[in-house]
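Mind looking over this structure? Questions follow.
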Amino acid sequence: MVSLAVRVGGINLENPAILASGILDENGYTMKRVLEEGAGAVVTKSIGVDERNGYYPPVVVEGNSYLINAMGLPNPGIENYGEEIKIASNGRKPIIGSIFASGVDDFLRLGTSMEDFGVSAVELNLSCPHVRGFGSEVGSDPVLVRDIVKTLKGSLKIPVWSKLSPNVSSILDIAEAAVESDALVLINTVRAMAIDAETRMPVLSNAYGGMSGEAIKPVGLRCVYEVKKELNVDIIGVGGISNYTDALEYIMAGASSFQIGTAVIKSGRGVFKKITEDLEVYMNNNSIERLSQLVGVAIR
Amino acid sequence: MINHLKIERKEVNTPTVSSLYFRWDRKVKPGQFVMVWVPGFGEVPMSISSIGDLKCITVKAYGDSTRKLIRLKEGDFIHLRGPYGRPFSEPEGDILLIGGGSGMASLRTLIGPRATGIIASRTSDELLFSEEFEKEKRIEVTEDGIRGLKGLVLMGLDQVNVEDYSCIYVCGPEKMLKAVYERIRGHKVRAEFSLERSMKCGIGICDSCSINGYQVCVDGPTFSIEELGEMTEFGTTKLLSSGRRVQI
Amino acid sequence: MVSLAVRVGGINLENPAILASGILDENGYTMKRVLEEGAGAVVTKSIGVDERNGYYPPVVVEGNSYLINAMGLPNPGIENYGEEIKIASNGRKPIIGSIFASGVDDFLRLGTSMEDFGVSAVELNLSCPHVRGFGSEVGSDPVLVRDIVKTLKGSLKIPVWSKLSPNVSSILDIAEAAVESDALVLINTVRAMAIDAETRMPVLSNAYGGMSGEAIKPVGLRCVYEVKKELNVDIIGVGGISNYTDALEYIMAGASSFQIGTAVIKSGRGVFKKITEDLEVYMNNNSIERLSQLVGVAIR
Amino acid sequence: MINHLKIERKEVNTPTVSSLYFRWDRKVKPGQFVMVWVPGFGEVPMSISSIGDLKCITVKAYGDSTRKLIRLKEGDFIHLRGPYGRPFSEPEGDILLIGGGSGMASLRTLIGPRATGIIASRTSDELLFSEEFEKEKRIEVTEDGIRGLKGLVLMGLDQVNVEDYSCIYVCGPEKMLKAVYERIRGHKVRAEFSLERSMKCGIGICDSCSINGYQVCVDGPTFSIEELGEMTEFGTTKLLSSGRRVQI
């Protein structure tokens, strides 16, 4: 009997299609709805210690094959976020708490609060490419990464996932530093920008942003493959997944599960249901009982 | 894709509101909006307030971006993307438009011989597009009472029998929408409300505009009275720019 | 009077549209034809010390918005390449000799040979993302980069351009290391891969490759902007340019000239002529006499 | 985009050549080719040798990829992209097809009542698609002489008056093309040659297939006799996989 259930990064999912961090997850009611409409789990937007408004709009710019965003990590601050998680938990599926900080202590404080809020796992955002002092700058320093992961693994009871940036010279070095995590989430957005020739200006108010969507799928696949080939760690693939074939490609490259973000622009919240249904058809047609049978099969 | 469009005509509607007309070869429906980029200042959602050969946005000066917008002149360019959002439905028969403040902008494309308008504003010189309704179908309500009825929008509603209309369209501050909603929900009448929640992306990904799991930018901005009835957040809570939940 | 002529990286170009390295430049006759059909200059494919066949096909895979290639640096070896340059020089416009090596000595040897062959400048490929020991691994080490650039600048009479990789944690660090170059060429391809779900295999025989085309334009623009904002150095923009607006965006981000590669798939060799003609129309309409007036105008 | 297509029928044409038939809903014209991916082995250019409801490639075992290909069975899948390349032109009137070895594969789609064929091969059991020509329009030439004329392809040409044809189509090793070219270029006859140069990308970017600045994969593989006349590389030099220039 075909089953879409997967176990990944220390938790069990009814299906492998997870809502990616930063998309449709500011408001607890939205996360609840996304779960009800078919996602296997949701990751919250990345929450920091202090309240931040993020950048002024324009915060997104759309190309044919990509979105570039520079939201600027807007978030209500950790102490105000418990309420959203409480609302979202009526969705009765796992909620993963994403957190960002510039050092070990803040990560620990955030992780502890998330655990108190009742999330199923925390996802460390070691990779936001467009906010100075957070994310990428943290995430490209293997020593700091190792320290953060070690500390949180040692202190939290819930699983710890680490989300890594592709904007590094060697993804493998960073993955090795984070290998004690229960899962690696690959990848965050690719550092990018858009210029408007008519107004002779960068479009985003922050100038720089992170590219997501179709255009980064080849980068995400490469990172997943490169890491899974060398390290024995659960991987959650993310970057440009918009249909079941994309998801299969990530799974064959080494991902046990996957996240979806930008595809909701074109396909709406229904994308999770659609992909899991299509995966089920594929599994039936190809006599695959569990997706785990396909994890990493493309690696040589 | 950002569209760069020349302002063909500018209309000063009230001391704080101006309309900018431009040629744009896109099909736009009543109730839809665009995201207007004001380079160096910001990007703001604006209803399309005219959908003929010349399209139009009607801007009320509020913060930096909108203040900059109403200072633009004919021949200047505006930069926008869209159109976005679910339009109003357009049934046969007489319709009632209820607009508070700049909310009239999104209702303007519905004005016509079969439309009655309740036009509300704080001060009399802020009444918007009132003169575009037929004289006898125009109910003005102002807080200063210099023009029309003195009071709030509900006072205008007292002048009509809501069940006479095939549909009621409402746009304005959420508190006003809620008041209208409470007043008419018992009645046997179709109604659609255009919501304004803080928007950042306009394309259904950032969640800043959400209400009870619906993204106002793609699932709305227009919602039926039945849909609103299910929304516990309607008129009660919203999220700030940071995502912090506050009472409305 | 509008003129498309530019001076960049120590040489003069009739027009700013340069053929990028590795595209239509294995055979001297092709380079000659590309020049005759409108390119302002051509860069040769990257040439090494020894003859290499490159990888077995498949060496390219096409997506909607990108190409991924892993040619594997096929080249006849420097001593066999003089003949092609001789043939190409009948095109009577600048030829830039691209070279790759794993260390300073080989770079110097290759650069010297290129100078002897009569090229107008050398372009150091510090950035090929899919051949071990060459390119990216060299190009992500600032110390090595500084050493190579210093040595070649000190020994060659012709200008030295450095082509950098976006696959690094900080493009600015590498650009600083290479800042003595007469020009920086930004960017080479983005490390990527494609998986075929049907056969459960990586498509490229080398598995990993480099992504080019439309999908990487936001990355290229970001690198050009990021570097030009901080460093006073000529930049040649490359990555996803397929029409004059793309070219303008690169110029406004800080490029003095630009290269075109992948766009020849869709637009053929005529793309150089088309873009320069369109640029001329734009300049006339906007009262721009020289493209240099627009270089970096988007930077804030 | 890689197409995954089931082999509906397999035909063993000669000891080293097999044809694989598959359903593919693409419009393909005579002379076009595909890039066939043999996972784990390589990717090779192959002419489309049938363009009806069932498409076909005809493979001569040569190196690893092609040896693997001819071992495939009905029901197996082939993986390919394309179609690529400039097709043959198709004028009215009688035509003459001259094919050496597996070169007949690319000419096969032109075989018909108005086609005369000169089919050449080293050994008699390698003659390809000869039987698809009408009996009296079939000129076989083999080096072993067991079937047809004994000798090289030019011997076949002696049997016809080239100016009787509206067009002559030639495909085979470049040395053979050059010989045919030299023979017929004085004559008043239209002729098109299909070139085979080492291909890596198939889409006009890598330059490995080039001849005098033209990319065989996109500007060809078919070239007119006039075009070839301008090409100093034709029949003289080519580049190896590495790009090293060698004499042909």
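All chains are identified by letter, namely A, B, C and D, in their written order; residue positions are counted from 1 within each chain.
Convention: a residue touches a chain if its C-beta (ideal position, glycine included) is under 8 Å from a C-beta of that chain, and two chains touch if they have at least 3 such contacts.
In this text, all values refer to a predicted model and were calculated from it rather than measured experimentally.
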Whole-angstrom distance, CA centroid of chain A to CA centroid of chain B, is 36
Using mean CA coordinates as chain centres, what's the chain B-chain C distance in Å?
-> 51
How many Å are there between the centre of chain A and the centre of chain C, using C-alpha atoms for each centre?
-> 33
Note: chain A residues in touch with at least two other chains are 196, 201
Multi-partner residues in chain D (2 or more other chains touched) are none
Could you classify the connectivity of these chains, where an edge means two chains touch, as line, ring, star, complete or other?
-> line
Pairwise chain contacts, counting only pairs that touch as defined | A-B, A-C, C-D
Which bits of chain C are touching chain D when the two form their complex?
-> 22-27, 29-30, 32-34, 45, 51-54, 56-62, 67, 69, 71, 74-77, 80-81, 83-84, 196, 198-199, 201, 203, 205, 261-262, 264-265, 268
In the complex formed with chain C, which residues of chain A make contact?
-> 63-66, 68, 136, 140, 167-170, 190-197, 200-202, 207-208, 211, 214-219, 221-222, 225-226, 245, 248-250, 252-253, 294, 297-298, 300
Touching residues (chain side chain B, partner chain A) in the complex = 1-2, 4, 35, 37, 39-40, 42-44, 77, 79, 81, 199-208, 210-215, 218, 233, 239-245
